[in-house]
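Just below is one structure, and these are the notes that go with it.
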Amino acid sequence: MRRHERVIVAAGILGLVLLWEGLVRLGWLDAALTPAPGVVLAALVELLGRPEVLTSLAVTGWEVAAAFLIAVPVGLGIGFLLAEVPFVGALFRPLVNFLFGVPKSIFLPVFILVFGVSIPQKIAFGVFTTVFVVIMGGIAAVESVPRELLTVARVYGAGRLQIVREIYVPAMAPILLESARLGMIFNITAVLLCEIYGARDGIGYRIAAWGENLQMPQLYAALAVVAAAAVGVNEALRSAEARLGAWRQAP
Amino acid sequence: MSKAVLSLRGISHAFAVDGVAVPALADIDVDVPDGQFVSVVGPSGCGKSTLLSLAAGLRRPSRGVVLCDGEEVTAPMPRKIGMVFQEANLLPWLSAIENVAFPLKLRGVAKPQRLQAAARMLELTGLAGFEERLPHQLSGGMKQRVAIARGLVQDPGVLLMDEPFASLDEQTRMVLGDELLRIWSETRKTVLFVTHSLHEAVYLADRVIVLSARPGRIVDDVDVSLPRPRTFAMTSSERFGALKERIWRHIRRAERP
Amino acid sequence: MRREVSPVRVGQAALSLAILAAWEALPRLGLVPRLFVPPLSEAVGALIADRAAYAGSLPTTLGEIVVAYAIACGGGILVGQLIGAARPARRVLLPVIRAAYAVPLVVLYPVMMVWFGLGAESKIAFAAIYAFVPTVLTMAAGVAALSPGLAETARALGATRAQHILYIALPASLPSLVAALRLGGALVIVGVIVAEMLGAADGLGFLITRHRTLLNSPGVYAGIILVLGMTGAHEVLLRRLERRVAAFRAS
């Protein structure tokens, strides 16, 4: 985005925040339901000073990271298998496509039935939700490698390992990163859903609790933190994706 | 007397399709002397590209043997045989100079040396100044120049070219054809040039090999005794027309059901 | 004329049957804990036995879905059309919306519950927001991909912005519109069910949660089967629409 466009966006966001503040002051927005931005900001600062809140954030972060670190290798492994081994792939891909289209959130009660309300349950559900995105990404990545380039590599004397390193890895990198990014979005959503639905800790649990107790400034503050963290991770992965995929632009 | 740099002896090849052997080439015997420019033409499906992939060592022939400098070709020999494909097939994430240097990288040549060699090749193919461009920033003709530079960077004795200009527009084809002849006259490689254009086959080569329809057999081996350097004016000469007609008669016979 | 039956299709059919058979057999054999996956027959049995309760929950759920669908898909498509058609809007708004896509919207549900209570409104609001952003993105991408020649032709013919959207952009972008509906619709269904699971007094999601707290695994799966039926029916309807659209375009 060009510079002046960035300025427009920043001004727009600032404008909305000021509008919000103004509407609350004028009494057009119920200050109990939607406290003014200033109040939310104060609550945010206060929350970040509280150790139990920081612990909750850490718990959520840990669940997200663990689920991600399990789902990605497993998903890629399955994805590569489905893409590279012809009969297995043809056999199982419709199944995977179907499962990919099934909404995973509705299976949350099942996970609680099995694992009870616990951290392993949340990690397992996160893995369950994320792994399908990664599988699809793995398949797409392998299929995106132009076969002719493999011939070129062979003609110029590349060995097996060289073909993987010099052709497969750079060709697949952008798609793999994109599926990791999308997987992370699903992952974070899944973990937070678990925590809101039923948990003993984590920032989602606190958000639900603050909602129940009508502690709105804290609720909004937590929303802001979660949103900022999620968007931050997403944009970081996106910029890596853009750098490794710059060659994909059409002329 | 020039010795044969590339020899195809008794080559026959068949593909297995659903358990049935589909013949592609039959009884091919060709000796290409050092420094000769040979075109290969034939009707669609006659096995021209298969012939080239056998010569490159990408496949092993069902019968017969391919020899390069007297040595049997059982696998690609990147230092002796370079190849240029119809689609340039450049690695899209590498710049032009990195693409040209790629074969050297596979061989383990150090970066400064291989970039230097690549730069020289790009200059030879007329792309000085375009080293850092990515393939998506290059036109079709420029991409093929990079591909040719890549084929020559290891200074192989033989250059195999599989319809390299087929996906280019006519004007670019003509320009690149002349450029190829210029590069060839400076480097004197042995060239095996597959094309479906009779005009191109005669214009560029010393010798035209004509294949029959599948399974491809050699039905003619035409000596193109036109003087070099070739000029556009030659293409309207009687001799040129006669050569084209001779080849065309073979192909027309093959295309008829 | 006999059509060749390929081994792959035979394999896929066999795989589907094998999965259904496994769903029935493995829990019965004790190889899979019954709490995790009850035998298929038991889940179906629970569905039939309790059909009054399930049927009773459907009007609430379906009602919420319909309203949220109208808001999210209707609004999403409209906004997507507007943004996609205007280049400056596209350049500024789309990156912001794409960044916002990363926000785990599930955390908004506690806010919805505070604002709208436990009733249908909170479900509708949540599902509508949940589905809105992806619908906008899909529609905007579809409109943006239309050939610029179309817009130029419209201008040359003297069409206003509204006429351009109504008579040219909308018909031309129908395939993307169907894609946006498909995505948005699926998200609306899931959004409503999840919201009901998180806090409700009625509806299919509420039923699923109740069965979960009673450790009634077949009941939970009966509910899941119903949800899958809903998403499946939605998919079938959209495929029909897609074919109609394709036929209309071909003519």
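Note that the chains are named A, B and C in the order they appear, and that numbering of residues resets to 1 at the start of each chain.
In this text, contacts are C-beta pairs under 8 Å (C-beta built on N, C-alpha and C of every residue); 3 or more make two chains touch, one makes a residue touch a chain.
Note that the coordinates shown come from a computational prediction; the quantities given were computed from them, not determined experimentally.
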| item | value |
| --- | --- |
| Between A-B and A-C, the pair joined by more C-beta contacts | A-C |
| Closest chain to global C-alpha mean, per-chain Cα centroids | A |
| Euclidean distance of C-alpha centroids - chain B vs chain C, Å | 54 |
| Distance between chain centroids, defined by C-alpha means - chain A, chain C (Å) | 19 |
| Whole-Å gap between the CA centroids of chain A and chain B | 49 |
| Complex interface listing, chain A residues touching chain C | 1-2, 5, 8-9, 33, 87, 90-92, 94-95, 101-103, 105-110, 112-114, 185, 188-189, 192-193, 196-197, 204, 207-208, 210-212, 214, 216, 219-220, 222-223, 226-227, 230-231, 233-235 |
| Complex contact set, residues of chain C against chain A | 8, 11-12, 15-16, 19, 33, 35-37, 91-92, 95-96, 99-111, 113-115, 186, 189-190, 193-194, 197-198, 205, 208-209, 211-212, 215, 217, 220-221, 223-224, 227-228, 231, 235 |
| Residues of chain B that touch chain A when the two form their complex | 56, 58, 76-79, 81, 83, 85, 87, 89, 91-93, 102-103, 105-107, 134-137, 150 |
| Complex contacts: residues of chain A adjacent to chain B | 146, 148-149, 151-158, 162, 166-167, 170-171, 246-251 |
